[in-house]
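Shared between the two complexes below is subunit A, which pairs with subunit B and subunit C, respectively.
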Partner chain A sequence: MLVLPPVLVGLVFAGFVVWRQTADLDSVESSQLAWPTIWRLILQHVELTFVAALLVVALAVPLGIALTRGQLRRAAPLVVGIANGGQAAPAVGLVVLLALWLDFGFWTAVLALVLYGILPVLRNTITGLQGVDPTLVEAGRGMGMSAASVLLRIELPLAVPVIMAGVRTALVLLVGTASLATFIGAGGLGEMITTGISLFRFSLMVSGALLIALLALLIEWLGRLLELLTRPKGI
Partner chain B sequence: MTATNETQSVGQDAARNSEVSGAEIRLEGVVKRYAGQKTPAVDSLSLTIPAGEIVMLVGPSGCGKTTSLKMINRLIEPTSGAISIDGKDVRKQGHDELRRHVGYVIQGGSLFPHMTVEKNIAIVPKLLGWDASRISDRVDDLLDLVGLDPAKYRKRYPRELSGGQQQRVGVARGLAADPPVLLMDEPFGAVDPITRQRLQDELLSIQRELRKTIVCVTHDIDEAIKLGDRIVILQEGAHVAQYDTPENILAAPADDFVSDFVGSGSTLKQLSLARVNEIDLADWTTAAVGDSAAEAIRKAQTVGHDAVVVLDNRGRPVAWPWLRQLRNEDRIPSYDPEKLHTLDSRATLNDALDTMLTSSHGGAVVTGDRDQYLGVIDFTSVTDHMRTLEQQAAAATDGQARG
Partner chain C sequence: MWQFITDRSDQIVYNTLQHANLVIQAVALATVIAVALAVLITRVPRLSGLANALSAIGLTIPSFALVGLLLPLAGIGATTAFIAVTFYAVLPILRNAVVGLQGVDKTLLESSRGLGMSELTSLWRVRLPLAWPVILAGVRTSMQMSMGIAAIAAYVLGPGLGGYIFTGLAQIGGANAVNYAVVGTVGIVIVALLADLLLLLLGRLTISKGIRA
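Showing the complex of A and B:
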């Protein structure tokens, strides 16, 4: 199961390359599907996805930890509710509204993506930490480990599988949503599709959609790999 | 660990044998009141737990026994009152610092599943800043103490151990930094009866060697009678109904609550007071793993034994095969020690009868410190002993009646 996705993605991509090299394309198509352009768009797409994912983890994990400690515990349902709202809002609307409010460009797109992708990681961090057997926490405290030490050495390692499942979900959400970044001039593979639509070139639309799908599959696979690699031994 | 080291550490332990390494615990007027509850969970509990003894806290659920235990290491902060260990007020120490010097063992062992046996045991020594080689030696020593082969078990993860083995590691972890006081919360509640009996025997054997102060919570009066030097029977609100030795509690329950709690069949429970070490053990033919099988059979036949007790290279019994099982062997093979149900010399006659009934030999192999072989106990010696006890008791009541 772990070998199949990259092989499949590789095969389909090879098919795309063969088609691109042999197909009879008009001048608009061949300029839009020039390899440097394709690579630039893929790279932009990956950049948007990963920068947003890193920020999501950097924000959601500490926030999730804070929401399972002390008095803040009570605020957890409220914050999860807000994050839920962020995800329920239509992504296009979020992207465009933010751009109107802030500015067009890369960082606005990243901000929109972060708002959109924060929920699964936040929710899974909270669920994962809440799922740690309380007697283990008490055993750690009872042995004289400090609260921070119990968190770092017991709670977080045990919650890692659940948190990483959230990260994988977020990655998949982000790689799809990053297609909308083109509307505010932040590039990405969405650009290929919108160009295809405005210039009535079917080949561009299909190429863009295909490449986004392949990228999403690959990133989902990477997420699963990450999940397996970060899973602590023994559990 | 090399053979020399092994002998040395056993030697040191033997030297410690009669030394009390525990510390006295005093609770004075301890109250725990939870917000929003009318009656306190623990209402003015005063108790002195002598150094080097096992004191069992026993009572119905909700009587405050666990709360009382957890106040000793400040997992629960008392509302008022004072608790001291070895004369030092626990509230004057940082709670993390305090807990590193008070062993804590809970039900099922509560091992951290993502850490190996070795890492689980090493937690407190690491917190105390021991160096790596000292920690490593200590882990070996403790695994040996709780009857697990260090070479085989130190790198294992908890899920690769049986329930009983996990609990043993839990005890080893509690003892890791050699704390004077060990707190145990229903330690043997989650294992099957046979394993429980074995773990109880092992705890007694360990305690004979270490002489810690052990405070143990249980809801099982039989466990309390078996393990406790003293028993505290608690009523709701942690009111002490009776605090005495098991013998006295059985012989003279303080009130109806105690006699109800101790339950009927308390004459039978007397069996839990007599220990295997009060009985003369029979010698049995022994052979070491790797010895000539023919030689062992010959030795057994000269004295009329139909089986041989096999000892491993550390003198621990591992099997009790019949002679016919050895006839086809050239050398005495090695066995899985888990399959032999041995009795610790501190085990009760109750356990002894239980073990003998399930053994096809009509007897049981008895072990001492660190599972060393001591001898064999059989039905006749137990019944003889019981008859003597009965006669003594009869003579005593006779004497009382006349006096």
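Showing the complex of A and C:
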């Protein structure tokens, strides 16, 4: 299951390249499907996804840690509840409302993506840390470790598999939602579909859809790889 | 805002019902498809790996991409929206239905055979009722997800509240742009909450008394 996805994605992409080079395209299609344009859109899409993913991890993991410590512990169900409720809002509505409120462009799209992708990582960070056996924490304290080193050397390593599962879920959500960034002028492969719809060219719609799907599968695979690589050796 | 809503209340109610209608019909069809597939999968165990892989791939493919793929086949409008929503709605229900049906205790199946039930009766009276709570949990997930997908499908003129979001976007800078987008977004959240409540109620009514928590 770890070798197959990139091979399949590669094969289908190779098929796309062959089609692009040999197909009989009209002038509109060939200008919209020029390779520099295609690479720009792919790059934008990847950039949106990864910038948002980095921000999600940088925000959600510390927040999750804070919500399992001391007095804040009691606020955890409330915060997760709010985040859960927020997930019910349609992604496209969130993207458009933020753009109307702030501005069109890259950073607004990133903000919408971060808001949308934060829940799985936050929830899994809290679940992962709560799942650590309390006797292990106690043992660490008994060995003279400070609270911080117990967190860094016992709790977090044990919670990493659960946290990374959340990161993978977030990556899938983000790469999908990034295809809506085109509505607010932030580019990405969704632009190929919207251009295809406005110019009524099936080749553009299908190319855009295909490339988004391939990218999503590849990023999901990357998430799984990351999950395996970050798993601490002992567990 | 209030003025905006009261001025257009008829139209908003109509679109809300359209949204609910699209999603509920799609999820209902998806439930039938998913349960039928799950019954097939549990009979032929070799299929279960394949089904898992396919549903994982399906859930990874972004909905806007599927809409783009469907357009050449189904055209602009409600058909594309319906197919896209149904496709995604099947996946969580299928996963749960397989888990639910496989989770039925083998000894119960044997007992039902011993009581003289045919395989079909045993499916209908033993396996499905026992798996139903798990299946219904899948239906709830599907319903929530479908609300958002129906909103995206409004870009290709699918019915429902998503259209307001895109109207708001198109009228950017106009007096009502934000009103449109808010009505669309909040409307969908409300429909989603109500649909979830309805499903909870359906659970109360349809989950067999013997296994009700």
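Here, the second predicted complex is superposed on the first by the 235 of 235 C-alpha atoms of A that agree within 3 Å, B and C clash if a C-alpha of one lies under 4 Å from a C-alpha of the other, contacts with A are read in each partner's own complex, and residues count from 1 in each chain.
Keep in mind that, in the parts below, contacts are C-beta pairs under 8 Å (C-beta built on N, C-alpha and C of every residue); 3 or more make two chains touch, one makes a residue touch a chain.
These numbers were taken from a predicted model, which means no experiment stands behind them.
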item: Which of subunit B and subunit C A:Val175 touches, first, second, both or neither; value: second
item: Subunit B versus subunit C as contact partner of A:Leu129, first or second or both or neither; value: neither
item: Which superposed partner A:Ala60 touches (first subunit B, second subunit C, both, neither); value: neither
item: Larger contact residue set on subunit A - subunit B or subunit C; value: C
item: Which superposed partner A:Val114 touches (first subunit B, second subunit C, both, neither); value: neither
item: Contacts of A:Pro157 with subunit B and subunit C, given as first, second, both or neither; value: first
item: Touching partner for A:Ala83 - first (subunit B), second (subunit C), both, neither; value: neither
item: Subunit B versus subunit C as contact partner of A:Gly93, first or second or both or neither; value: second
item: In the complex with subunit C, residue positions of subunit A that touch it; value: 1, 87-94, 96-97, 99-101, 172, 175-177, 179-180, 183-184, 190, 193-194, 196-197, 202, 205-206, 208-210, 212-213, 216-217, 220
item: Subunit A contact footprint on subunit C (complex, rising order); value: 53, 57, 59-69, 71-72, 76, 144, 147-148, 151-152, 155-156, 162, 165-166, 168-169, 172, 177-178, 181-182, 184-185, 188-189, 192-193
item: Touching residues (chain side subunit B, partner subunit A) in the complex; value: 70, 73, 75, 95-101, 104, 106-108, 110, 112-116, 123-124, 127, 157-159, 173, 183
item: Subunit A residues touching subunit B - in the complex, by the definition given at the top; value: 133, 135-136, 138-146, 149, 154, 157-158, 232-235
